[in-house]
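When the chains are written out, they are named A, B, C and D in that same order, and each has its own residue count from 1.
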Amino acid sequence: MARVTVWNEYRHERESEVVADIYPDGIHAVVADALREGGHEVRTATLDEGPEHGLTENVLDETDVLVWWGHAAHDEVRDAVVDRVHERVLDGMGLIVLHSAHYSKLFKRLMGTSCSLKWREAAERERLWTIEPGHPIADGIGEAIELEEAEMYGERFDVPAPDTLVFTSWFEGGETFRSGCCYRRGSGKVFYFRPGHETYPIYHDEDVRRVLRNAVEWAEPGDGPTPEFGNAEPREDIDTDDDRTVH
Amino acid sequence: MARVTVWNEYRHERESEVVADIYPDGIHAVVADALREGGHEVRTATLDEGPEHGLTENVLDETDVLVWWGHAAHDEVRDAVVDRVHERVLDGMGLIVLHSAHYSKLFKRLMGTSCSLKWREAAERERLWTIEPGHPIADGIGEAIELEEAEMYGERFDVPAPDTLVFTSWFEGGETFRSGCCYRRGSGKVFYFRPGHETYPIYHDEDVRRVLRNAVEWAEPGDGPTPEFGNAEPREDIDTDDDRTVH
Amino acid sequence: MARVTVWNEYRHERESEVVADIYPDGIHAVVADALREGGHEVRTATLDEGPEHGLTENVLDETDVLVWWGHAAHDEVRDAVVDRVHERVLDGMGLIVLHSAHYSKLFKRLMGTSCSLKWREAAERERLWTIEPGHPIADGIGEAIELEEAEMYGERFDVPAPDTLVFTSWFEGGETFRSGCCYRRGSGKVFYFRPGHETYPIYHDEDVRRVLRNAVEWAEPGDGPTPEFGNAEPREDIDTDDDRTVH
Amino acid sequence: MARVTVWNEYRHERESEVVADIYPDGIHAVVADALREGGHEVRTATLDEGPEHGLTENVLDETDVLVWWGHAAHDEVRDAVVDRVHERVLDGMGLIVLHSAHYSKLFKRLMGTSCSLKWREAAERERLWTIEPGHPIADGIGEAIELEEAEMYGERFDVPAPDTLVFTSWFEGGETFRSGCCYRRGSGKVFYFRPGHETYPIYHDEDVRRVLRNAVEWAEPGDGPTPEFGNAEPREDIDTDDDRTVH
């Protein structure tokens, strides 16, 4: 089982009654519960927990997989913390990026693109179709996940083509979206999962919770080699009998 | 034919006699010639051409494909210029990244990873095997490109898996490397091409020159849609007869 | 410009009045016209043109890109012809696979999977979203292609993940589909394009016709190396001073 | 832990003393041992075990992952058995394809290409570089696997680009090869692993054995949805007030 840190901006829940009704202790609390049901060891951290937003070196030392939710205050996340978390991902820490965190500094830096998209808040129906039924993130999921009320995200989603596309969304208003996207970056695995607007009880949905647990398992760091970069001795003899020039 | 700007750091050639012997007018001059042979309209720009390094808005307005060579002064490229060029790539401008420019701010930003690798300067033999013979960048190239003296770059190369891998290098000292890597980022196409150390006459090699021309053709912007991002009207009626809640 | 052969099963048009009204000279005639508008040199061939279905060695010798439409008579295509066309694709001939040809022997052989999918004929609305605006197959296309009446194809579409996904469809009845899929197989390029049921005037749609032309251009064979397979002499000396054993 | 069946052609070991010295009980016995060390439940099957080559429906019913080694008698594998195993893979059974089994009917059918390559038997050195250190198949492996004597396989390897490339080989004689290739086909996972010529003790190598165990774990079937194909009821109302035509 993985040691998980669920990070949340945690502003909407304290400022909006509508949101607080759905997530009285914050989105992070509900996501953390979903993961604990899978046996994971979960802690949480939020934007306003000090200058490091709760993501100290110590916390990250004990984090196998980080889950990230943010929306209205991406710019308040300090660059030093983004640098730190980015480096951890490249070193192998798993990362689950949720919904509006597509626009977080961290995800944009990992993708290298604008991560822009279409959106609309109309409480419309969303249906996530399972594109890769053999992928571990689809374990226990049916052919489709039905969500009665959702914010819409539509293509073009300006991200690199995912290494594996697990879900694609259909929206009542006429759009589609690549909703479950797997990426490898450095030694780390990144999963972007679309559902999760703060004004709908998405993270109470059993299918969504199952996907979160699956994604954490998939994103756990492995035991592969730590790459050695820089000047390297040859492993084979290099012929130096000729007139070659080393400068 | 494409309008190409070849950008070069242009320091080694002015500071080292060894380099100046091979590239008396700069690497950019030789690369530009290779592209002109393909009928492209080519201009050049260098680091020390003013505060914008020769990459003004006007120059970029007239650039379909940008070629980038840098090595020792990546940090001197101003962030505002990197921002500008990055945005142009996402908007569709092609980008060819050469050799040591794997460590440029621009390429690292587009990749989202460290772009680190192994290296060794031992004037050793390199052989680039064509992995995708059907790819346009391999047009006119044989099964392999032979380079008698090259700097070695070895795996692990810390980049996202390329969308298409066109060439893989073999090195005399025992390493391999993904040497020709195609990426889509935003609406732009990016090609990383490994060969090209300043102390070897790599850009005088006919096969290498052919690859450069092919890459420029491949990377030319198309005439696809400009994505519309942001709040979007539905294209279909959304049922609002029920008790759905829009916040 | 490419030399194109448009192959059609050409049965529905001769047996059904509804289909004949839309495609009086056959689907192939309308597709061929669309391609000729792009300057391509186009011939056609059909299932009942003799034992080779019009796809003789001579015809294929003069074909850069083959377009394939079939539906009700996949099994009548002789295996020897499938073998021949399959081999041509691996040798570099482009292939455009249309709509119900997802179930052709040829496409199934190239994919290695069942190529099964969901379907429904309910004259429902389809909207193809452009996922990769920078891909040449999206040239001249808007953010989405709107088709008023279409047969539905829905995921799970049992194909290998495409090398590049250019379009994704939204359907009125609630499904999504990967509608524009690029593959490399051997030295050849394969594009699967979903629209095109025989009872709707899909191939009269200007956007669809533009995609067909773009796809032909993209799929044209290049001038890359012909791979040499089999026993190969070493390009480097192999140390034989030790006690190694060659059997 | 997985239930694994290791299938072997098992001819060389009975016909050649050189091979029998290395694999007295057959390659399958040594591979099976390697997997049992990982706690897997392993059985074996061989070409000459009756008309079904030991791969009866019953055996496959109890197989999570199938390992396949073949070389000189690919053509003797009956098509009905290939059909059966192919279908199982699409239904989710994992498949590990070893070395010369690149030319097996089964692998060629799954790939849809010729699966041809260059080869040479010169007892030369091979070094497999780990390209994706974060992939579970690289768990416990170093930066590179060193094999002192190997048959060479060289590019162009005529397969579809792998979904994930885990290892790339360097050969003493000057070639490279994509040596560890992951594919998804249907609901099943396929891993091609290059090392393993019958005349070298490759499957006694600890790194190679570790890769085999990792690959089996990676390829185990999951618990995702079984796709439903064919005619499908809509999940949403389709507007039938207009003059649309269903045929």
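Everything below uses one rule, namely that a contact is a pair of C-beta atoms (placed from the backbone, for glycine too) under 8 Å apart; a residue touches a chain by one contact, two chains touch by 3 or more.
Quantities reported herein were computed from a predicted structural model and do not represent experimental measurements.
Where touching is counted per the definition, the chains common to chain C and chain D are A, B. Taking each chain's centre as the mean of its C-alpha atoms, the one that lies farthest from the centre of chain B is D.
As a whole-number value, the distance joining the C-alpha centres of chain B and chain C reads 31 Å.
With centres defined as mean CA coordinates, chain B is found 28 Å away from chain A. Taking each chain's centre as the mean of its C-alpha atoms, chain B lies 35 Å from chain D. Contact with two or more other chains is made by residues 125, 127, 130, 132-133, 143, 154, 156, 161, 163-164, 172, 174-175, 184, 186, 225, 227-228, 235-236 of chain D. If you check the complex, the residues on chain A that touch chain D are 92, 125, 127, 130, 132-136, 138-144, 163-164, 172, 184, 186-189, 221-228, 235-236. Those residues of chain C that touch chain D in the shared complex are 16, 18, 90, 109-114, 116-125, 148-149, 152, 154, 156, 158, 160-161, 163, 172-175, 183-186, 199, 225, 227-236, 238-239, 244-247.
Put simply, chain B touches chain D in their complex at residues 127, 129-133, 143, 154-156, 161, 164-165, 168-171, 174-176, 178.
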